[in-house]
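Labels A, B, C, D and E are assigned to the chains in the order they are written; within every chain, residues are numbered from 1.
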Amino acid sequence: MNALRILPEIVLTVAGILVMLADATMAKAASRKPLGWLAVLGALAALGASLWQYSLPPGTAYFDVVRTDAFSVFFHVLIAGIVLAALLITLDSVSDTTEGLGELFALMLFGSVGMMFMTCATELLLIFIALEISSISTYIMAGFRRKSAKSPESALKYFLLGSFATAFFLYGIALIFGATGSTSIDFLAAHAAASHTPWLLYVGLAMIVIGLGFKVSAAPFHVWTPDVYEGAPSPVVALMSTGPKAAAFAVLLRIVYGALPFLHAHWVPILWWLAVLSMTIGNLGALRQRNVKRMLAYSSIAHAGYLLVAFTAFSADGIAAASFYAVSYAAMNVGIFAVISHAGGYDDRLTLLDDYRGLAYRSPLLGGAMALFLVSLIGIPFTGGFFGKFYVFAAALHSGLVWLTIIGLVNSGIAAFYYLRVVTAVYARPAETAPVMSIPRPSLPLLIALFLTAATTLVLGIVPQNVLSAAQAAARTYSSVSQPLPTPAPGSAMNTASR
Amino acid sequence: MIPIAWYLVLSAILFSIGVAAFLIKRNIISVFMSIELMLNAVNLAFVAFAHEWRQVNGQIFVFFVMVVAAAEAAVGLAIIIAIFRARNTLNVDQVDLMKL
Amino acid sequence: MHLALFIIFGALCVAGALNLLFQRHPINAALSLIVVMSSLSVLYLLLGAEFLAAAQVIVYSGAIMVLFTFVIMLLNAGKEDRTHGSKMAYIAGIPGAAILLALLAYIFLSRQGAFGQARLGEYMVSTAALSQVLFRNLLLPFEVTSVLILIAILGAVALARKEH
Amino acid sequence: MTDLHLWILPIIPFAGFLVNGLVGRRAPKPVVTTVALIGSLLPALWVLNLVVHFGSLTLPHIETCGTWIATSGFHANFSFQLDQLTLVMLCVVTGVGFLIHVYSVGYMAEEEGYWRFFAYMNLFLFFMLTLVLAENFLLMFVGWEGVGLASYLLIGFYYHRDSAANAGKKAFIVNRIGDFGFLLAMFLLIAHFGTLSFSAIFNNVAVHPEWQGAGFLTAIALFLVLGATGKSAQIPLYVWLPDAMEGPTPVSALIHAATMVTAGVYMIARTHVIFDRAPVALMVVAIIGVATAFFAATVGMAQTDIKRVLAYSTVSQLGYMFLGCGVAAYSAGVFHLVTHAFFKALLFLAAGSVIHALGGEQDMRVMGGLRTKIPVTFWTMTAAVFAISGFPPLAGFVSKDEILYQAFVSPHGGKILWAIGLLTAGLTSFYMFRLWYMTFFGENRAALEEHGAAVHARSDTRLVVEADPRAGHGHGIHESPKVMLWPLIILAILSVIGGWMGWPEGLGGGNWFAHFLAPAVKAVHLNYEQAAVALATGAANLPNQAPAGSKQIEIWLAVLSTLVALAGWFVAHWMYYLRPGTADRWSQKMHGLYALIVNKYWVDELYGAVIVAPVLFLARWVLGVLIDRAVIDGGGLAAGYSAQGFGALVARIQSGNIRSYAGWLAFFAALLLAAAYFGWFAQFVPR
Amino acid sequence: MLTDRILTLITFVPIGGALVVALLPRRGRVIQIFTLLVTLLTFGLSLHLPVHFDYAQHGFQFVENEAWVANPAIRYHLGVDGLSLWLVLLTTFLAPIGVLVSWRAIETRTKEFYFLFLLQQTAMIGVFVALDMILYYGFWELSLVPMAILIAMFGPGKGRQAAIKFFLYTFLPSALLLVAILWLYAKTGTFEFSQLQSLLASGSLGVSSTALAWASLAFLVAFAVKVPVFPLHGWLADVIQEAPTAMAMVVAGKLGLYSIFRFNLGLFPAQSRAIAPLMIALAVIGILYGALLALAQSDMKRLVAYSILGNLSFCILGIFCFALTGLNGAVFQTLNEGVTGGALLVLVSFLYERYGTYDMSLYGGLAGKLPMLATLYVITGLALVGLPLLNGFVGEFLVLSGSFPVHPAWVGVATLGVILSASYMLWMVQRIFYGQPSPLVTNRVSMDLNAREHLTLWPMAVLMLAMGVLSPYWIKAIDGAMSGLANPASLSATHAVPTPTLRAALPAAPVTEKP
């Protein structure tokens, strides 16, 4: 029974080990792509296992170290989906001779084990270890393009600054431990309010926010993001801009909503400022970027800001909105990196905005997909990006955060500029002087990845009900949030009667 | 009889020196070492709090931090080797290819 | 006795840390760090963490720092140049570190009454007691650590492997 | 109530327009001609039918054939009305219209845009008939704008010529200024009456004597006057009419002399109930009328282009009609309208015949001695010249004299108005005879006989150039074909006898016309109680007590005006027949005055400098460059650049240096911790 | 029954067509023909609406109302009333024309073009039929995207800049619109238009009037930019200059104006009245400004753009005087602008296809070479400047006459616009068609309108005449929808005639006109 509660993690670990072993036994010159398919199978199995976990009754395992509930399963499914797509993207963009491919696939699988543990752990110790698993695997993957000058630098920056932030995170845990004598989320939720040293909690929480803020690239702890995204291989960016982030947000939710909800008067203002700064700095920074990956890095900062807005709502809707947003952001961001890593390749042939001019001429499919994802990133209705943003800000406004909503939506308006610049570039005529770029034919994995992400993006925008219900079920696992989900509209009986 | 708070202050001093060292050191390996210093500072706090609460969990946490630090060290040093191969420098100021 | 030990090894810690800060050769820095770590193990002992004190010496001073020194040697790292690549580190960073120190020290000292006293030998955690918790309540994290180590090995191999 | 199907009247020419407009380009010329003539003849016949049945009608006869605009707050129908005034206008429009159509068949025979011309002409008839038949202001406005459109199209008929295109545009725009007044008048009417129906409004006004002199009625009337000055080419909006002579001559005859330009007069007569309640507006009308009459006459004295002389003459004569209306003698105004239609149409057609004869020459200075060469034209024109100059018993004398008499005796009039009118009559006589002499007498100054068809360069017709050199055409001065001459003759007869239907009572006539028209245009009378109310409410200037004139006065005034006309003739005779060089000498002697007149008082230049140029400057530079480019575009750009500037600041953080990043992190971490510990944030969150 | 779902059909047939277009081969004119058929089908379906519309009833008809998302409570709620009825028809009517006008103008990347074109159709129709705020907002925002991409793809000059300018101009205020919608939701718990309307009207929400004023302002600005209203028109000229004709035809006017009618007047009647003086002033400025700037242009498309600005300002004037007649006129004028402005853009594009420039100074003397085109050009121009019996007059007249009693001075100044509009229109016609043929015109052989072009233009020309002569057919539906929005005082036909007090005291004296 215990094992079933961590079944997806086990599946992924096993798959990772299999990939690793197979890699070791294969001939040096042999193509490692079959390993990728093996990893894809593992991810699929993990996805199935995660979905299967919905049938489990909510409960804990291993002495209350992990808990399986609607919340953790929601994020498990999300992470399994992300890693699945990331693997497919990797398969598409690498060649048979790409170095260290076997390790890359294994690392992706192992990294997602960490991410998954982050979302289901209810013990800060496990959270810390899981966070390290996910972080360290990403540090490594960021440096995987060893021939490039940028990739190791990216890894180094990520590694050094990440460890720096981890130290803060760890200090925060220490202080919380110091305030309560425990590192169990459940214990904190039950007893932390009675701590006779609440100021240790304030400071500890702030340190945790710093650490996690770094992981989710929330301003002002965002500085690493553009550099790291620029240097890392695109398929890896697809993973690391979504998976660890979603997991880190889940952790933040666990801590602020699950463990320390009674401190909301302290953390809501902190997150408020983080949200405002992230949105503003992210969007303004992206305005001038000509490098598409850097631009998307800034964009991811901004999106972290939008997601933080949901946190500040301090309501069940806020949790649901944050969860929903994580899904929609993952879909569109993985999608756009699928396009970028296919068009630009594993070794980043296309970097600048102008390189993407006329992409839709070379490949209508890629151009169209890119436009779709960008439109979703802008937040145009009938895409996941819109509904996520809408739900986030609806939750914020419902909690009376008028100014935050205004700042956020004005920011999304500014953001439209740089996204649209890419859209228009993709659809503009290629410059006569530009060298003809050769876009490889879309491979099967790419098509699957694009279909997955595009379909998710559209489904989330057009028929969001199922995912929304799942997110709301996840939110309901937090009994701590006093504010109930808003009641149906007054006179909703009339709605149904009027037809 | 030492107040626990003194241990905590000591941990804070070490942590801050670690931060300062991270900022000042130019050699990447030294920078990495300052991170280790910061982790050690945190460990001290953990142990102090464990003593305060008479909770063994705090010590176990430290144990895990050591493990993690070891793993990090392995990976970190590998990254440093990789960057040295790519750039032939260990000066952190010269690893700023990507900017703006 | 306790106080004396605390002051001596606490001062050693700080001195080692400051030495790390000001030494320009990485080997010196590494040695300073070893001083810090070793002193810390004594402090752990003072706080009743005998297993940790041992692990500190074995893992940190013994393994990790050896690795560091090995890499320093391997890469033949010399005295670091005082390059001036960053103004921000001085404009924002050092004040930041100072604020951090001041803030934490202020908090701990102004509220020191909230904490108890550490008395030598009053609270000793035996390795057995520790392992009771470690291998029972925290078994899963312990097992998960294996994944972490696996990753570290995998990553170190992948990154540091000779290019072909 | 008998249904007269009044809607058929305008629809017929409209059908003609559609047929010619859609298929005329490919249709053979006879078909075009037939369609066009049917389009103008059938309405004329229908009007005859109306005349026959007129006695049996209850007047005003109103027919509604559909709703045009309908909201809950406002309603306007396609309603037509027939009363005496309408009938008179119908006769003029269809009668003269048909004659000019016939004339045009000859005149335009060789034109390339033959079909286009007739399509436009029928379109004009459609709108003009709509105008006079309308039972409400809105439908009248349809005709009002429509005739403007037809006028625009016809003036610009030779669109390849810039001057013609400019003139058309000018006509339309200046008319639009008038329409602006018309529109505002309608808005006021709607605001005060909730409807635009003539009968509803007029009945309402008629039963409210306490509105005598009321401000809103005066405002309405003054705005209507603005409209009328546009259409009827009065000061200050007359400037388009002389330029309108760029159009083919039949157009000038039909639209810019006989019918369209009189629409303003018709409108004032039609809405006289309002004007009766607005004495101030009446006075304005009278002053504008007499001023225009005099002013245009002076300009006409110095023009050398035959059509321009006639154009200014038209402006001047329209001023007389305004004067008539302005002294509340609406029937006199309308009567002059009718007679003027005859003789001015004739003058234009005859002038067209002259131009035709000379192969397109319009400059009188190179004419002369044509009397014998084109006798029919000469004689018919002579009739018209005498008529317009006011020689008894011709039409012009009767109607003009009626106006002057009314101006003299009417309580709304005044001796000054009369005196200026009389002076103008002399001027009219002078410039008409000047034209007459310069064109038909003296020696032929035209180069045509020597050089053949050399003088067509500034022609309005390419007759000579493009016609195949058949006999009588293209070579030498020749009389026009019969199809052009018959309308001249008919109009000449009408110019002679047309006035007799309004022969004044003072000179022994019955003034049948005035009596016939009276029910439609007679000023509102007050019954006793209403007068009492009017006095009690302090409304001054009760309208139209019976004019305090007498037969004596009427006779004396008639004699006086005849003498004045004779004087004008004599001066012209002396200057242009007996001593041909006199005019030049005088013009040199009175150089300033002459320059003033010959340059039309520089009014065009003045308007250009005071209105057109500033407007264009405003549009191009102030609004276009300063506001639109600098402020509005610039504002957007500035916002964009400032956002990008902030973006640059954000990018500054991204120095690429790890230590800098760490410094940044450390600083904000410390700040965040301090803030969290001291609880600063809670105070900085705007709710 | 299909007819129960008629609005869904009309709205989503285009997008269904778009999906098929994406799969069609890029061969020959397959895509064009297919798109034409789809748009014709949509138009045919939309004809169902006026035929089966109950003109006696003022509420929403053909209603479809189902839950879409449970929480937040978003509903799939569609319906039309007298206001949206004709706007839907206008949209579906212009769609086949858009295809026809693009027939030759868009030769490359047809698949993308028609895909986005059809997407745009769905978005626009959706805006008019959606009765749930979020559904509405969805279509509203969606309508920006195809437009922006098409401008960027096909803009001959600075297409990309224009696209971005357009998008930002409209998207930024729309963000504030979303804030306002969400705020209302937070206060009322519903996104449904009718419920919001009754809740706001009841005044039982307990929100401050200041807050409501800000909310209404957010609505207004978002819509005013899209119209555009005077100082917010910065995008218009650039966009119309760069956009493909089929898009330029629909970019301005109806969406924004409809939204002002529906939401600003419908939800915030009091706030709209409070801001009316400003809007009226802006409208009047806009009328004159648009006309004057049109006068200053030498580029045809820019001229048309400014003329559209001026003409749309009439609508704003009519709206914010709150007189029933004026409101009717404003709706009618909105329709006019779609037809007439669209036709003018089509004509301009036909000229461009022949001579490759929009610069009027290079033209001249075309009337002789292209008589049919010239004729239709003049007709359209006259409709635009408000010649009676054509549609423009009815709209302008209703707007001005209806608004006049409310603000005589402003309306009087606005009426000056009729002079200026005639000036620029006739000047344009003169510069293009009159005078001697320019070198450009003489050096290039070009045919007069061909069959396709006739087919493009005549429906619009006929509609201009029909709307000018048979306006009650349109207004009977509009009037019903507007009666709820107007000031009560303006409803009665009796106007401000000073009632004579003395008359009552006097014996009734029949007035006779003595012969």
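FYI, a contact is a pair of C-beta atoms (placed from the backbone, for glycine too) under 8 Å apart; a residue touches a chain by one contact, two chains touch by 3 or more.
Nothing here was measured: the structure is a model prediction, and the numbers come from that model.
When the partners of subunit B are compared with those of subunit E, the chains appearing in both lists are A, D. Between A-D and B-D, more C-beta contact pairs are found at A-D.
In terms of the distance between Cα centroids, subunit A is separated most widely from D.
Among the chains in view, E has its Cα centre nearest the centre of the complete protein Cα set. Farthest chain from subunit E, judged by C-alpha centroids: C. A straight line joining the Cα centres of subunit A and subunit C is 31 Å long. The distance from the centre of subunit B to the centre of subunit C, with each centre set as the mean of the Cα atoms, comes to 6 Å. We define each chain's centre as the mean of its Cα atoms; on that basis subunit C and subunit D are separated by 101 Å. The centroid of the Cα atoms in subunit D and the matching centroid in subunit E are 35 Å apart. In subunit C, the residues that reach two or more other chains under the touch definition are 85-86, 89-90, 93-94, 96-97, 100, 104, 107, 111, 115, 138, 141, 145, 148, 151-152, 155, 157-159, 163.
Across the assembly, subunit D contributes 651, 654-666, 668-669, 673, 677 as residues in contact with two or more other chains. For subunit E, residues touching at least two other chains: there are none. The set of touching chain pairs reads A-B, A-C, A-D, A-E, B-C, B-D, C-D, D-E, using the touch definition from the header. On the side of subunit B, the complex with subunit C involves touching residues 1-10, 12-21, 23-27, 29-30, 32-34, 36-37, 40, 43-44, 47-48, 50-52, 54, 56-57, 59-60, 62-64, 66-75, 77-82, 84-85, 90-94, 96.
Those residues of subunit A that touch subunit B in the complex are listed here as 125, 128-129, 132, 136, 139-140, 143, 146, 148-150, 152-157, 159-160, 163-164, 167, 170-171, 173-175, 177-178, 181-183, 226-227, 230-231. The part of subunit C that touches subunit B in the complex is made up of residues 2-3, 6, 10, 13-14, 17-18, 20-21, 26, 29-30, 33, 36-37, 40, 43-44, 46-49, 51-52, 55-56, 59-60, 63-64, 67-68, 71-72, 74-75, 77, 80-86, 89-90, 93-94, 96-98, 100-101, 104-105, 108-109, 111-112, 115-119, 123, 125, 129-130, 133-134, 138, 141, 145, 148-149, 151-153, 155-160, 163. For subunit D in complex with subunit B, the residues that touch the partner chain are 651-652, 654-659, 662-663, 666. The part of subunit A that touches subunit D in the complex is made up of residues 156-157, 160-161, 164-165, 168, 199, 202-203, 205-207, 209-210, 214, 220-221, 223-224, 226-227, 265-266, 268-270, 272-273, 281, 284-289, 298, 400-403, 414, 417.
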